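Here come two complexes built around subunit A, the first alongside subunit B, the second alongside subunit C.
== the complex of A and B ==
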């Protein structure tokens, strides 16, 4: 509501400065009045002009009047003037004739206008590398060589073949598919993209795994040809292992030739394996994992906004301020900053939002509007009129479950008056449609059979509100997570289960009653736990937004792990940055520093937390940021750590570099061993930062002392993104990189005070021994023990001890618990610049809580039937939120503000006095009866 | 009669790239006739090494050299050409040996041999690499005199 969408609009010019820009815009004609268009699609069906469909990578056709894709926002058609027969030749006009809303306007013209804004965020995205000019990839010559983006569309339910992949040459199903990594990335030979594109390893693994999951019958094969598998982010390594377990072949080779198969169908791939043997394999299709490039309009955009670009036309940024461009008031996020994946893009978007609003706090709320919810229709006493919406979730549900059967079945259930099936029930257009259906059929209960209420219930509840229905008159049946995903191999059983789930949800819906919500004030301050870079950045950011901050640090000093870091991104010294950050934090009037103490206890809920510190201080705050950090593993028992003073971890080496006790000039032979304690069965994750750290240290030694011999023993070099350039520079400087596998780990020995390292050279296939006067162990980053704190705030921890975010892609800084956010290493190992980004993102998320003056609490709270209560005290003893206490007569009474609706009281009471609104005993019994009956 | 052409590493892949490979084909097609030309696959900058470079022809290790050349030999056989035009003397010697060793039976000729032949100025004593079908081509016969 406070976002004005301006599609088809380009920036002509920009005037002014940070805090007061005037941006001159031109909106191209749409030729369809978006106010009138109802997106019925009739115009597109009758349009005779077919055009190559860019959205499906040109694999199929669209019409000249079109929407980009089914979930387009806003869902309004548009005419592509270049291909419109009427606009080109003055004939046709079919769309105008058939449009029931009279929305077509051929006389539409470009609109020039200006907006005044305080800040600008640039998020033009990226484009994929075009391999057609490079004939070694044979993309232009062999039809069955396609790009990964084309394959993505082939694999998509909304793509040109509805998710059942067919190859271009003859339209048959490809069974043997190969992926080639690093096409247009890490290229030092022909293309100039010498950086790593960051996302291709994971999307290739995803595509191969999805393909393997969909493969039925014999003869299927998925093979990935790679240089290094860069599965470096949270849960990525586990995903990589999962793909290998599923039978995806991971081949370390760079194929030298793609030759056409018989009649130019399929591809013969020539490559040399790790043992040096030339091999040739026939595949039905080859997918080129194309890298990411700066968008075509980058230069134009940079000129218009007067910002600097880097060597590859990405926006130039500083690792210590990753979302700020070279021009004050202009910010950047997403791929235009550097190629990156969805979680990092989302984090960066929130970070840019906080950076862009930091200077505008005085004007907050002056130009915004409030959402107006129509008064809810009183449905009490009406017989249930239930609407059931069965979601296909693209193919996520419909590829396993017969959604039509489930929908048909739902029609037979008592109380159900309307049933429909949606491609994506959660899409914007479907929300509008559902609201209309609610009004039209006077529905007073809604059931959505789709995915998990954990992520999607709030969305559907909003739709109910918009339709004038109390939002608690809603039930979900999770037929995706509990159905199609877990019963993928048993479609019939899954369909049967989905019928049961829908029957239960409908039975539940019949018992739902409208609930009221309580509103409470919000304490406009935040608690930040952890005084490292993430914690300090978050504290400073929140204070800049105009809110009070309590920064709690266990140690007496601020800085955390960054104090032990010499540089970031190879050449940016950490110490001066850290000093200025600490100075800003200590100097900000809005920040109260509580050093040398820890959190003893946290009570309350979003908007109204009360925290007690060990020092005895009690703090009141509306939001929490946990930035508790990570720790470097002391690799006891590995590679003779502890047996020689010069067998050191990165933190120790950096400290040595900084205090002079490790002098690169005095070193003759240095060995680094990677993945010490990471990517092992007991700790199956990648610590992300160690490859780059090793390369930074190796380069530091080589730059100071070019004669020193530096050997790096690694498994996969994961110098992702532009860190690849450091890896390249290290190779050019003469650092020797040698790969080892888990069956041939390096062996370290200490004899008479001398360190020797024996490793298997993968080219010679022979053991080599080198003496080292420094052995660097790239030891894992591990999560500190934060169980106590996590329990206090009810935060979930992963098996490895990292904070679990509400959604790994879409809500990467939120905890599941409202009002709580995370930043830094506590979430997962990450380099300093990403900690800064995540901390800034947390600022943005905290601001969404603190900028409200009041907070609405859920209506799903416990009530006590005092006629049944005997005042036995069981419920107020068992309540974890101290929400129940005895009234003046000794009977239980619920404080609705504190109640979280956990239901423990209802379960504990022996006389059945408590009941949980929205989840009543009668509701549960109805579901049980429905399940059994 | 079909002719194919080798792209020598030193000339094409490592030095001038596709432009010189295109020039090479322009000359070859002019000399043998476009309809008689068949390209190897892969070709131009992506063509394979003959396996005889780097001093291998002189240094011994004959077995290894022929092993490296096997792919070139198969590539030539796949074209079905009876003549391989080699613009590099090193490639020429290696491919000639490959043809004999693996029994491919194709002829290997220098580029200049065919240029001279097509110009009608190839000497009688410069024809040792030509097959029977071409060895007399353009020579004056006794009867003519």
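== the complex of A and C ==
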């Protein structure tokens, strides 16, 4: 309601400054009135103009009047003027003739208008690299060489072949498929993209794994040609291992060029394996894992908003303020900041939201709208007066199902007092009409027989509310998705089924009771646990949003791991930033610092937490941010750690660089060993920060002392994204990178005070020995023991000890429990700039809770019939939200503020004590009885 | 942890001064990108000499990176490189491996270099046309004229075939690998036919007519530069606009 979508709109110019911008916009004509369009699709079906479908990477056709894809937001059609026969030649007009909503408007014109805003967030996304530039990969010449985006569409159930992949050359199913990584990434030959695109390793693994899962029968093969597998983020390494377990071949080789197979079908791939032997294989298809580039409009956007871009036309940002552009009040998130995956983009979006609103807190709520809902009439004690609305959905339903018959049938059902058939039940005018009918016939239950409640239930519930009816007095029968669509060839059967579905929905409706939604007050303050960069950033951000913050830090000093970090992103010094951050935190009146103490106990729920500290202080707060950090592993027993003072972890080396005890000028030969304690059977994850950290240290040595020899022994260099440029710089400076496998680990010896390292060079396949004046061990980042805290706040920890988010992609900073959020290393190892981003994201999420004076919780929660409860504990053990606990007598009791209405308790209880409001056992039984007739 | 003991590892000496690779890098634009190797193997996958002498371009460059200069400057593999530059063409980092090979060749003493290449270079330096086969310009001219006449007489439709020699002001100055006139003269004819069919105004020249430059393959800078400069002068002396070298 408070988001105005402006599709087809471009920015002409911007005036003003942070806090008061005027943005001049031009909205291109849509030729379809979005207010009228009901997205029935009739226009598109009748449109004779077929156009290459960009959304499916040009692999199939769409119509000139179209929606981009099925889930398009807003779900409204649009006419592509360039290909519309009427708009080009004045003929046709089919769409206007068939549109039942009279939504087509050929006279539509561009609209120029302006908006006044306090901040701007730029999120134009990315584009994929065009591989035509590489003649050797023959993308333009061999039909079965395709891009990963094309393959993604081929693989998609909503794609041009409904997910059953067919290769372009002859339309047959490809069995042997190869992927080639880093096409348009990590190279400056025929392109200028020497950064890493960050997402391609994982999408290739995903595509290969999905392909392997779908492959049936003999002869299937998936092979990925790569340089380094960059499975660096949370659970990525496990996913990589899963792909290998499924038989996906991971080939560390780069083919020189692709040759067409016989009759230009399939692809012949020649490559040299790790041992240096030339091999040749025939594949049915080759997928080029194309990299990500700044969007085409980046330069113009930068000019319009007067922001700086980097060398590759991504928005220039600073690691300590990663969502801020060079212009105050203009923020950035997503791929335009740097190529990145969904979880990081979503985090960054929240971070941008908090950054963009930090300066606008005075105006919060002044320009937002709230929906007016009339008080609901009391229907308790009334006999059911059910209204049934049978939808034709244009011809979507009515072309198969006899909707008139279904409507006539509905009239015969007990409790039904009004029935009608609508062309489109969901259209705006029908909503108004339904509300009138509810009032006129004093309906106290409503059944809509149409499509899926997943998309339309909220809409109809709003209509009930508008008509003064409790919104839970509503039931839906999905006669489209479960009827006309799947039984298109059997109209009679589909009609019979629709009758059954309506009878069940009516039976259910008779059992529905109005539900009350609980309203809770909100304590407008937050608790932040952990005083490292993430915790301090979160605390400062929440305070800037105008809320009180309690920052709890176990140690007496603030700063956490960052105190041991020399630089981030190669040359940004950490210490000055840390000092200014700490100063801001200590100086902010809204932040109460509780240092040298820990959390003893937490009670309550979203909006209303009560926390007791070890110091005895009791705190009341509405939200929690856990920023408890990570710990560098002490690599005891590995690579002679502890046997020589110059065998050090990377944190120790950084500390040595900073206090002068490690002097690069005094070093002639330095060796670093990567993955010390990471990516091992006992600790199978990637610690993510160590490759970049080592490269930073190696570069520091080379910059200070170019004559020093620096050797980095690694397993995969995971300098993802623009960190690749540091890796490149290190190679350019002469740092030698040599790969080892777990079968041939480097061997460290200390003889007469001299450290020697022996390793097998992966290219020469030869054992080499070097003396080292300093041996750096890139030891793992591990989770500290936070079990106690996690139990207090009912947070879930992964096997590895990281906080588990509500959804790894869509809710990457939320705990499952409402009102609780995470930031920093406690979630997963990450570089400083990503901790800052996640902390800012947590600020945004906290603000969504604290900016409300009260919270309304859904009425569909569980209740316990204590007469039936035996206190067996099954329900509170299965409840994923910790919403059930024993009362003083030992019987189960539901905390409605925590309950999500999932129904696990009701399903698990042996004595039938729990029931789920809105989906009761008697309701289900009534439907079953009705179905059985 | 199952540390494996290495068998007879090669000890890398402590760094001392510039390595062979560093010296070569100083001579090349952008240092030939010699340090930037990602060890991806694309070069080796496309190299016709991969596997010969247990070597390939990736290994060769790796030895350079590791400062194994002794092996680098003595491996006979450098003489198997055809300087085709397929490796640079696909290298993500555009590493100039052929130049590294070239400079490794240069470091060989003349008497150790492959006799075939050295003799070919020396033979070329003795003739006006720089023929590695030692063919004189007179012989070349005779063979060409003889061949033209034969074709005109024996092949219908080719009565007007021409293969001019020292034609002043021709647009194209064409070189000819001297193997053909010496051993397979009829193999010169198809190109003549194409040029004539296309209406090209072209000529051979008695000075610098041979296309090959074995002195370059020998990595003898002085001699191959002399050959190239003389050929350029020959092109200019005849007033030709373009120099076509088929090698």
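In this text, the second predicted complex is superposed on the first by the 711 of 933 C-alpha atoms of A that agree within 3 Å, B and C clash if a C-alpha of one lies under 4 Å from a C-alpha of the other, contacts with A are read in each partner's own complex, and residues count from 1 in each chain.
Methods note: a residue touches a chain if its C-beta (ideal position, glycine included) is under 8 Å from a C-beta of that chain, and two chains touch if they have at least 3 such contacts.
Treat the numbers as computed from the prediction; the structure is a model and nothing was measured.
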item	value
Clash-or-fit label for the pair subunit B, subunit C on subunit A	clash
Subunit B versus subunit C as contact partner of A:171, first or second or both or neither	neither
Of subunit B and subunit C, the chain that contacts the larger number of subunit A residues	C
First (subunit B), second (subunit C), both or neither touched by A:90	neither
Partner chain in contact with A:186 - subunit B first, subunit C second, else both or neither	second
Contacts of A:257 with subunit B and subunit C, given as first, second, both or neither	both
Which superposed partner A:706 touches (first subunit B, second subunit C, both, neither)	neither
Contacts on subunit A seen with subunit B and repeated with subunit C across the two complexes	136, 257, 270, 278
Contact footprint of subunit C on subunit A as seen in their complex	134, 136, 182, 186-189, 227, 253-257, 270-272, 276-278, 637-638, 668-669, 707-709, 728, 731-734, 736-737, 739, 743-745, 747, 758-764, 766-771
Subunit B residues within the subunit A interface of the complex	18, 41-42, 44-46, 48, 71
Touching residues (chain side subunit C, partner subunit A) in the complex	1-12, 14-15, 35-47, 50-51, 56, 58-59, 62-63, 65-66, 86, 89-94
Residues on subunit A engaged by subunit B in the complex (per definition of touch)	135-136, 138, 257, 259-260, 270, 278
